[in-house]
Amino acid sequence: MMSRGLVKKIGVAGALALALGAGAAAADDIAIGVNMPLTGAFAASGTFVADGARIAADEINARGGVLGKKLRLVIEDNKSNPTEAAAVAEKLIVRDKVPVMLGAWGSSLTLAVMPKLMQYKVPMLVETSSSSKITLQGNPYVFRISAPSSLEAENLAKVLDKFNIKKADFLVINNDWGRGSATDFSAMLKKHGVEVGLVEIMDQSAQDMSAQLSKIKASDSDTLFITAAVEQLTLVLKQVEALGLKRQIITTGGSQNPDQLIAQAGKATEGTMHMVFFAPWQPEKSAYPAKSEAFIAAWSKKGFDAAGLTESYRGYDGINVIAAAIEKAGVAEPEAIRKALWEIKAEGLNGPIAFQKAGPEGRESGQSVPATYIGKVVNGKVEVLQ
Amino acid sequence: MTRLTPIIVLLFFASVPWWLTDQYLLHTLITTGIFILAAMSLNLLLGYTGQLSLGHVAFFGIGAYTSALTALGFDVELFGLFRVVHEPWPPVLGLLFGTLVAALCGFVIGKLSFRVRGAYFVIVTISFAEVTRLVSLNWVELTQGPLALPGIPPLTIGFPGLGYMTLWEKTENYYVVLAFIVLAYILIKRLVNSRFGRAMIALKGNESLATSVGIDVTRYLVIAAIVSAGMAGCAGALYAHYIQIIDPMIFMFLNTVTMVIMVITGGKGTLAGPLVGGLIFGLAPVVLRSYVGPEIQWILYGLLMIVVVFVLPQGIVPAIEQWFNRTKAEPLREPSVAGKGERA
Amino acid sequence: MNVDQLLQHLANTLIMGGTYALLGIGLTLIFGIMRVVNFTHGELYAFGAYGLYFVSVVLGMNFYVSILFAIAGGMVLGALIELVLLRPKRGADIDTTMLLMIGAWIVLQNTEHLAWGSIAKSIPSPFPTEPLVIGPISLSWLRIFVFGVAILLIIATYFLINRTRLGNAMRATFQDTDTAALMGVNIRAIYTMTFALGSGLAAAAGALLGPVFVVTPTMGDLASLKAFAIVILGGLGNITGATIGGFILAFVEEIGAGYISSGYRDAMGFLIIIVVLLFRPTGIFARVERIG
């Protein structure tokens, strides 16, 4: 055993020397890893984000790329599964040698990737995940442009009196995203004197929520908060209508694609409200109207479904921020990009992007403060309330 | 094949980290090795006793979760009555407990499911694996369910007084997995060649005959299940500490199917079968990945499985052995299509 | 306990039970007559759902006609599987055919993935979205339709098996293949027809539930597992058992999800299997021998 240990150490040294030698070869493009759910429960959302990222990369490359090199997106499917997300990160870092990544959509997926970032010291831009845990763990390689659910809840609190809520139930997806949202929104509601009733969970692959909804139907709440991605949400809304459940419905998380809901669940969506982070229904009111309109035009030119805009903008913003950081770093190396990310002031479709420190001192994560909007479905069209 | 073949193969694989510079390929070899270990354990049931257990991934997952939770610690309230608090222990103890708990589950499940045979047995084993998956998914307090269990510490090996080392590097993990495969190989070889092994093979051939000559069939099957489950649990534990994250999808049926494909293709009931099958299916994704998407890759796996059942029902290893023996005996003879089906 | 809630749960049970029974009957028929554990059953279910999507959404045909096409498509695919994979291996042991079926399952599922992509498809139905309200119970018209068709298909299957010449031959094969062959029953044809019929029922279940839920390439996995649970409950090869088993599974799932924990909804079926096998290893309604 001991002699083998020695042998192995020599082996490690040899392998390391060879690996370093291989790594020194100059690449003629800059690879960016994209870790997204392209199959499984979140396939629709992950695909939209990846498409948004592609548009950003194409635009940047058309302008001549970054540091005189073309951007090359290495998009890998994490199958909506945490272990797979970690495996994808391993592959992107070790095999494709990407200096920076975008990902991994879901909170549980992102949390699964985070130890890999620490291990290999590669930064990742988090574009969708909302669990508050992500930026509080003391992982200095995490930079998030999406809203933590606590921020989402605070933004809702500002206009809470509009909704006249006395008692609220929750129906949330069973993962870090759903559970985190239930915790943060309940805390906010209780603080404002609103009673919290049932908190029902549903598996990410569940299709029949009748049992949970029947239980909610028997409660005396006036409002139902739902956190789920668009496919599941479509089913929930259909089943809400089928069960004759009359509640004020507010959905959170920004992955609802309201137009897709209207197209697929029809009248069941009437009157429902959705917290989103990009309002493509009124680009003129966004922080940078010209950019929003240009992105919407590029999106429709590619023939993509307009319903995906509330999701795809994340990929677009994400790649633009990463490109800006590489430009600022002057070199496509993980540590340089990580440092540069702290100095970024970017114009995102969601609004200005700049990272503030979050989490334990000395190993803070970056958190940008995005805007939130509430869209309400009125006569089959989305009206922006806030 | 000569007696030297295993030694030569072992020396070759021991040399791999010396010349393989691609760390990702090494990573793939490690995970493949872990799956080979699991496939070897399945082979004990499937190949030597002839019981098609399709819930094998349950033991793999139980080993992984037990080991991870032993190492990470937990704080659980049972039935709202009393709390069980467990402080983190060294991962090596996790490996031990993972193996033992999986073996215990093998005993319980064996006792229950060997009451039935054939189709019932298959469905019972699948159901058992599904229940373990759903428990791991829903017992969030213990397993964190779909939130996954991240941050599992890597193994630390060593002896008191001689120093310890934590297995962070791929090369170190590679040798540990290789060592476990060698151990499992020797264990299975001795087991199969013992009185116990001969009894197992006898009851595979004809269960009622085996019963009539006084073999306590169920007892032998349960013992085989215990050993097999323990080995699978050990593989699962190695997996958890190497990958450092597990979630309920570890229990998915497709993982069992992967093990079954490895064993069937390589040659069930042979010592080398799971190794050959495992290497083929463990490394195939790396090769195929650059040419085709994962769907086509799985379609190829499925087709290959069908083809193997039709053309090489005994698997690759017996076919090669036959070919080898025949060419040795009659060197002038044209090597025919691997003497298919002769042992069927 | 809230009576209104319980009534709603019971109504949900009845509606799901119909399609579960359909799934179970298809699987148990194939097992009973052919001694094949059909791992492709769930894929036929998915095939039915995609078939409906293809004919009614992509080709734009009438919804009801499309359902017939989907069922017919399932029967054809089933017959093909039988002809290509099972016929050459007739008489092989049960494990061999099981491995073949697992291979076919993998091929079919990934072909669906390749053909349709992984993003869920939704199928619009011609029914009004306002539910039918009877006192405290609300039921969607679509689900009532699904239930009605499922019951119709179950009755038709009973009729086919108990009142027709084909059914006679199938029952004869079920009881004793060799004797049936001696009596002039064309066993090969019976096998193909059985597999086609069982597959058609699975495709029907898929086509019926497709519009209720969404259609995804992996939807068949859970359907297969549930069909296994139903069949074990009722006893392998027992059609009445599978019918009742379907309703029992729906009941246990619904009550479990409503009163115990929604997360364990899908676990209920498997827990039942384990309990049943502890006390009655051949299923609640079983007459067949224990060692299958």
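We just call them A, B and C in the order they show up, numbering each chain from 1.
Definition applied: a contact is a pair of C-beta atoms (placed from the backbone, for glycine too) under 8 Å apart; a residue touches a chain by one contact, two chains touch by 3 or more.
Please read all numbers here as calculations on a predicted model, not as lab measurements.
Seen from the Cα centre of chain C, the chain whose own Cα centre is farthest off is A.
Compared on C-beta pairs in contact, A-C and B-C come out with B-C as the pair having more. Taking each chain's centre as the average of its CA atoms, chain A and chain C sit 38 Å apart. For the pair chain B and chain C, the distance between mean C-alpha positions equals 32 Å. The residues of chain A that reach two or more other chains are 174, 203, listed in rising order. Within chain B, contacts with two or more other chains are made by residues 137, 145. Annotation for chain C: residues touching 2 or more other chains are 113, 263, 266. In the complex of the two chains, the chain C residues touching chain B come out as 31, 35, 37, 85, 88-89, 94-96, 98-100, 102-107, 109-111, 113-114, 221, 225, 228-229, 231-232, 236, 261, 263-264, 266-267, 270-271, 273-274, 277-278, 281-282, 290-292. The part of chain A that touches chain B in the complex is made up of residues 2, 4-5, 8, 11-12, 14-15, 18-19, 22, 77, 81-84, 86-87, 90-91, 94-95, 108, 111-112, 114-115, 174-176, 179, 203-204.
Residues 2, 4-5, 8-9, 12, 16, 113, 117-120, 122, 129-131, 133, 138-140, 142-143, 213-214, 218-219, 222, 253-254, 257-258, 262-263, 265-266 of chain C are the ones that touch chain A when the two sit in their complex. Across the complex, chain C is touched by residues 50, 52, 112-113, 115-120, 122-124, 126-128, 130-131, 134-135, 137-138, 145, 253, 257, 260, 264, 293, 295-296, 298-299, 301-306, 309-310, 313 of chain B.
By the touch criterion given at the top, residues 38-40, 43-44, 47, 174, 200-203, 205-212, 214-215, 217-218, 231, 234-235, 238, 241-244, 264, 266-268 of chain A touch chain C in their complex.
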